[in-house]
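By written order: A, B, C, D and E. Residues from 1 in each chain.
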Amino acid sequence: MSFEAPLLEVSGVTLRYKTPQHLVTATYRVSFQVYPGDRFILLGPSGCGKSTLQKAVGGYMTPTEGEIRLKGQVIRAPGPDRMMVFQEFDQLLPWKTVRQNVAFALEASRRLSGKEADDRAMHYIEKVNLTKFADSYPHMLSGGMKQRVAIARGMAMEPDILLMDEPFAALDALTRRKMQDELLMLWEDTRFTVLFVTHSIAEAIKIGNRILLLTPHPGRVKAELNSVSDPLEATVLERRIQQMLFSDELKETADA
Amino acid sequence: VSTVRIAKQFGISYLPLTVMEEEKLFEKHAKEEGLDIKVEWLRFTGGSGMNEALLSGNLDLAAGGVGPMLTIWGKTQKNIKVKGVAALNAMPLFLVTVNPAVSSLKDFTSGDKIALPTVKTSIQAITLQMAAEKEFGPGQQNKLDPLTVSMGHPDAQLAMMGGRSEITAHFGSSPFQELELKDRRAKKVLDSYDVLGGPHTFNLVWASTKFVDENPKVMKAFVAALEDSVQRIKSDPAAAAALWIKAENSKMAVADAEQIIRAPENDWTTTPKKMMSYLDYMNRAGYVAGKAKDWRDLFFNLIPNASGS
Amino acid sequence: MRELINAMALQQPAMRPEIVVPDSSSPTMTVVEKPLSKLELLYNVSMFRKALILIALAVIWEIYGRILNNDLLFPTFSATVSAFLQSVIDGVLPARAWASIRILLVGYAIGVLLAGILTAIAMASRIGTDFLETMTSMFNPLPAIALLPLALIWFGLGNGSLVFVLVHSVTWAIALNTHSGFLSVSKTLKMVGRNYGLAGPRFIWDILIPAAFPSILTGLKIGWAFAWRTLIAAELVFGVSSGSGGLGWFIFENKNMLDIPNVFAGLLTVILIGLVVENLIFQTIERRTIQRWGMQT
Amino acid sequence: MRELINAMALQQPAMRPEIVVPDSSSPTMTVVEKPLSKLELLYNVSMFRKALILIALAVIWEIYGRILNNDLLFPTFSATVSAFLQSVIDGVLPARAWASIRILLVGYAIGVLLAGILTAIAMASRIGTDFLETMTSMFNPLPAIALLPLALIWFGLGNGSLVFVLVHSVTWAIALNTHSGFLSVSKTLKMVGRNYGLAGPRFIWDILIPAAFPSILTGLKIGWAFAWRTLIAAELVFGVSSGSGGLGWFIFENKNMLDIPNVFAGLLTVILIGLVVENLIFQTIERRTIQRWGMQT
Amino acid sequence: MSFEAPLLEVSGVTLRYKTPQHLVTATYRVSFQVYPGDRFILLGPSGCGKSTLQKAVGGYMTPTEGEIRLKGQVIRAPGPDRMMVFQEFDQLLPWKTVRQNVAFALEASRRLSGKEADDRAMHYIEKVNLTKFADSYPHMLSGGMKQRVAIARGMAMEPDILLMDEPFAALDALTRRKMQDELLMLWEDTRFTVLFVTHSIAEAIKIGNRILLLTPHPGRVKAELNSVSDPLEATVLERRIQQMLFSDELKETADA
């Protein structure tokens, strides 16, 4: 398995935002490989370019430097093979109900249609515990409910690679644990690849099998670690990651 | 009043007013009456806007065609009593066509379109109806109406001479009709003088009773000024032509303008002509409600010695 | 640092007993609402409020008309209404209105279509955007008379030219609104659409149009109003064969004959059609779309 | 359940060595960018693209004009330009254009103000909204000639009436766009504004107007274009005192004298003013506001 | 101190959303009191009406039943005495830079003006670590950065009562800890009252002195607990809260 070709290859990618007044470098020469079946975590402080990296993989941004290859092909445009769950709450189509939102994603990307799409949609809506709200419009949902619909949509698409940007951030502890378990169970079923942004170290260890640590703004690779499943090892790893991430902080404090 | 507001429209038929404006004849004659007035000249593009201005008290003297004048006369007899002041001219109106197959009204088919200023109400439309009544018999006056199309003179001329539209005839006025007839393709189908049986007034000046009653001296001066300018036109058409070209900033050749002014059928006179014929027809056709026994009923008593009709 | 905060945390405000509510097993939740008075309920109906406004306007018109007492310029409301009823009974006004509406709908439909195409082009590429911007800033300010020569050459007299002029008056306003609406669609929604693999017309139809619907609807309303204005004015410029003709011609004819109550009856018809279209069509669309979707509040 | 997942987690894909990057102490980050070719750079300038479009349009005009070969209806571009230059050198066209622009600006300013007031009233209460909706749907479709009698009574002949008609053509479109823009402002932003204690005019000025700026700007553009259209048409209806008169009158006069290249020179002036206003004023505003704020992309 | 009158009194409040098609009851007869200086936490599953409750306290919704009193006065309208930090990312004014956003809040509510407002703004922007981005517009910020600006704004207002709706949800572990500490330090300085929504039990215990537990949709009061500061006690409390919140879940599972 380890000799397989990487599914996603990010090599020396620098991402920049050009605005009339500013030039913001979001990530600087970031490289990593995601292999098929990986649950790959991007972990790093706020503003370090995690979302930007995901958007580049999603095909929304062209790197200033370096390149991103999916199955050997340079990524040029977005597509339903890389389904995204965005960080923003306004990622649902406001003119569609919850079930239509999920079903439409399937139809628009020509995965399923009609009854089948609807059935699949309802299946995943049930998984995120929103059956009661299947016919509500997004503006009638709470923040966490909106994110759950987006998660259901992302999962329902059963894509080659699922890009999730802090999908569970708005969820309470219980719901969050349920969603995490759902994700892992689904992964167990279909062995899709997932590129997952989170800011919770515990979540990273639980969800991921490989964790990429990024430095603060602009994001550079600090380390790429394997995750562990044993609770004791997990505590050790958590502390290790904490130290790696917070070392800058500690240094700063020492300087001050 | 200290300021008299007077309006005219476009076309060489308003020449007497143009001369009056350029030579400041109104002011001059007012001074002779012992008045020091300011004259404000306004321009309108049609009789309807002018009538509204008159009704709203923003205009003292209006100048236009026979049609709008008779209409407003008919409508105001019960209130502000608008009446004519004096005529400006007697000029024929030609129906010109570029369709070689047409030589009389009978030859028009549904493939032809006749452009005129406004269907049904303009003097051209009325004249056409009168001609149709003559040509096709009583009760047939509306026979050509379906062919008529409302269009401003320049647009109509451009459309007909441009040859790109279904407009094949234009019932216009001077100087458009003369310009059109210069083209080899164009010919005259109808002359309004033939329809009316002689020269008729084309344009005239009108005002409300209130204004005339309150400003007898001003009106006297105006009529005098008008007579004066008519005399000037008659005595020196070349100068009048040059003056008109200059005042209007027209691209027409002075000779052409002079030719129109000199043309025998174009009579520069303050005397109204064939007003009653028009009124009779319009009354019969239901366009104007009021009736008059004599042309004097239509006018103020400012040109008492004229032998109008 | 941690210790400091923990130390601080000891200085808590007002310690009070804990509360634990036992699992309430009342499945029926009754809610006691304050009832509204009849007047409040009535006032809550937008139709009622609008009727009030209309009545007030009519009264003002009537009073002002009587004060002015100038029937040839500005008739009273009652005179207008009686002229209106007269013409409706005659069948003249309905026929004229229908003639206008028919042309209007054709011109409007083509204008909307054209605006759609222009905006689609504008969304497809940068030069498309520049094209739309340039065309709009050039042609939108041109009055209908400017189009007369071309209209005559291309469509001749009559309805063809009228439709052409209508399209001119409708297209730019709708295109401007639609385009600006498209540009204002949230980046995230656009990304979602692309993510589904939508592109070209499907992207526009499935994502941009619903997302920009409030702007588009405003464009449609403005286009509708300007279509009326233009049609009525254009019937004069473009000429009408006698016998036919729409509302514009009805107004103009009566104006020429100084039959002012009829003129106002014609205008009243325009107003009434405007009210009906706004309240029956546009409001319904609004209620079913942007209000249901929570896009406007 | 927990155990199940933990068991699953053992079946990990591709185990591979960990990577730890040492603290890179390179403070200067050099980025190698692919340079763009000269043509690409030039093409990136919107002015350049627009110039291309304009040249293309001019060429089409010239060619079509020559093919038609009908100077009376549709002069060529070159004939129009030479007439335009002639009139500019004369000083006639600038004077006329200036006369129009002056009135236009007054009418536009009043229209914008009025639209602002109407929308403010509409935002203040439900009956205000109904009032705006009713007024707009009633009056927006009315052509300028409908206002003539009232204009004459209230303002007499001349600029007052022209301004009145202009206001009518500007107000409704801007009010509609502004109002719909206000309604579309995100609920959260409105809550933030209220949270600051803003209410009434300050709320509108500090929150609603900037938040709805894309819509408002579209309204201003449409209003601007329709102001031109209306002004040119209205100058004919209202007549003119001798010697004065704006662009509309210039066009009409020349048409009367069958000086068609001059007519088109007048229209060209309108087009040029449209281009200048769009590209110098509106585009600048757009760049400084909604584009800088990331409200449109 | 315990004899003081409550600052905020929520009594029997039912909150409902009326939409043309639906009638959604968000909370049902919720009562609680917040005393001056309280750090009051609302804790509950996603969609249980936490945000709705905050909005009602903020003055944006009128209860269908019951009433909310602030200092004895029924709340009728929003105002700067109750500064809100919303859950949504679009709560910054897009037409103002980060520093203008914070300063404008101060100016609009007539707290401070000119230089003073700007100084205070910069002070708090520094606290949330965004000095480098003080002149950026919101659309140029990452999700977490936007939320930090909103936090800075809320704190800078130094209101009587600060209403925070999951303010730290989008933040990474490190930044989050920093923000929590900042909040507590600020509280130490000025002893304001804060009504804080969170979905993290640990955070609730760390931040709060009093914790309100709500049931799932529609939200009813389940318990109102005191927080603790001793780490050991905290673990016990955490487990207790977990049990109370998850009991429904466990029951459901048992039923199934």
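One rule holds in what follows: a contact is a pair of C-beta atoms (placed from the backbone, for glycine too) under 8 Å apart; a residue touches a chain by one contact, two chains touch by 3 or more.
What you see is a predicted model, and the numbers here were worked out from it, not measured in a lab.
Asker: Any chains in contact with both chain B and chain D?
Answerer: C
Asker: Most remote chain relative to chain A, going by C-alpha centroids?
Answerer: So the farthest one, by centre of C-alpha atoms, is B.
Asker: Tell me the chain pair with the top count of C-beta pairs in contact.
Answerer: Chains C-D share more contact pairs than any other pair.
Asker: How many angstrom between the C-alpha centroids of chain E and chain B?
Answerer: Comparing mean C-alpha positions, chain E is 82 Å from chain B.
Asker: If you average the Cα atoms of chain C and of chain E to get two centres, how far apart are those centres in Å?
Answerer: Centres of chain C and chain E (C-alpha means) sit 41 Å apart.
Asker: Would you mind pulling out the distance in Å between where the CA atoms of chain A average out and where those of chain B do?
Answerer: 82
Asker: With centres defined as the mean C-alpha position, give me the chain A-chain E separation in Å.
Answerer: 27
Asker: So which bits of chain B are touching at least two other chains?
Answerer: Answer for chain B, listing residues that touch two or more other chains: 52, 56, 155, 158-159, 162, 164.
Asker: Please set out, as single numbers or ranges, the residues of chain A touching at least two other chains.
Answerer: If we look for residues of chain A contacting two or more partner chains, we find 19, 88, 90, 140.
Asker: What residues in chain D touch two or more of the other chains?
Answerer: Answer for chain D, listing residues that touch two or more other chains: 70, 73, 149, 152-153, 260, 292, 295.
Asker: Could you list each pair of chains that touch, in label order?
Answerer: A-C, A-D, A-E, B-C, B-D, C-D, C-E, D-E
Asker: Quick one: which bits of chain A touch chain D in the complex? Just the residue numbers, please.
Answerer: Listed in rising order, the residues are 1-2, 4, 14, 16, 19-21, 25, 28, 35-38, 64-65, 181, 184-185, 188, 191, 209-210, 218, 220-227, 229-231, 244.
Asker: Under the definition above, what is the set of chain A residues touching chain C in their complex?
Answerer: Going through chain A, the ones touching chain C are 55, 58-60, 77-80, 82-84, 86, 88, 90-91, 93-95, 104-105, 108-110, 137-140.
Asker: What does chain D use to touch chain C in their complex?
Answerer: Result: residues 46, 49-50, 52-54, 57, 68, 70, 73-74, 126-127, 130-131, 133-134, 136-146, 149-150, 152-153, 169, 172-173, 176-177, 180, 183-184, 187, 190, 214-215, 217-218, 221-222, 224-230, 232-233, 248, 251, 260, 267, 270-271, 273-275, 277-279, 282, 290, 295-297 of chain D touch chain C.
Asker: In the complex, go through chain B and note every residue touching chain C.
Answerer: Result: residues 47-48, 51-52, 55-56, 68, 71-72, 75-76, 79, 113, 115, 118-121, 125, 145-151, 155, 158-159, 162, 164-167, 287 of chain B touch chain C.
Asker: Across the complex, what residues on chain A touch chain E?
Answerer: Residues 17, 19, 22, 24, 43-47, 49-52, 87-90, 132-133, 136, 140-145, 148, 166, 169-176, 199-201, 217, 242, 245-246, 249.
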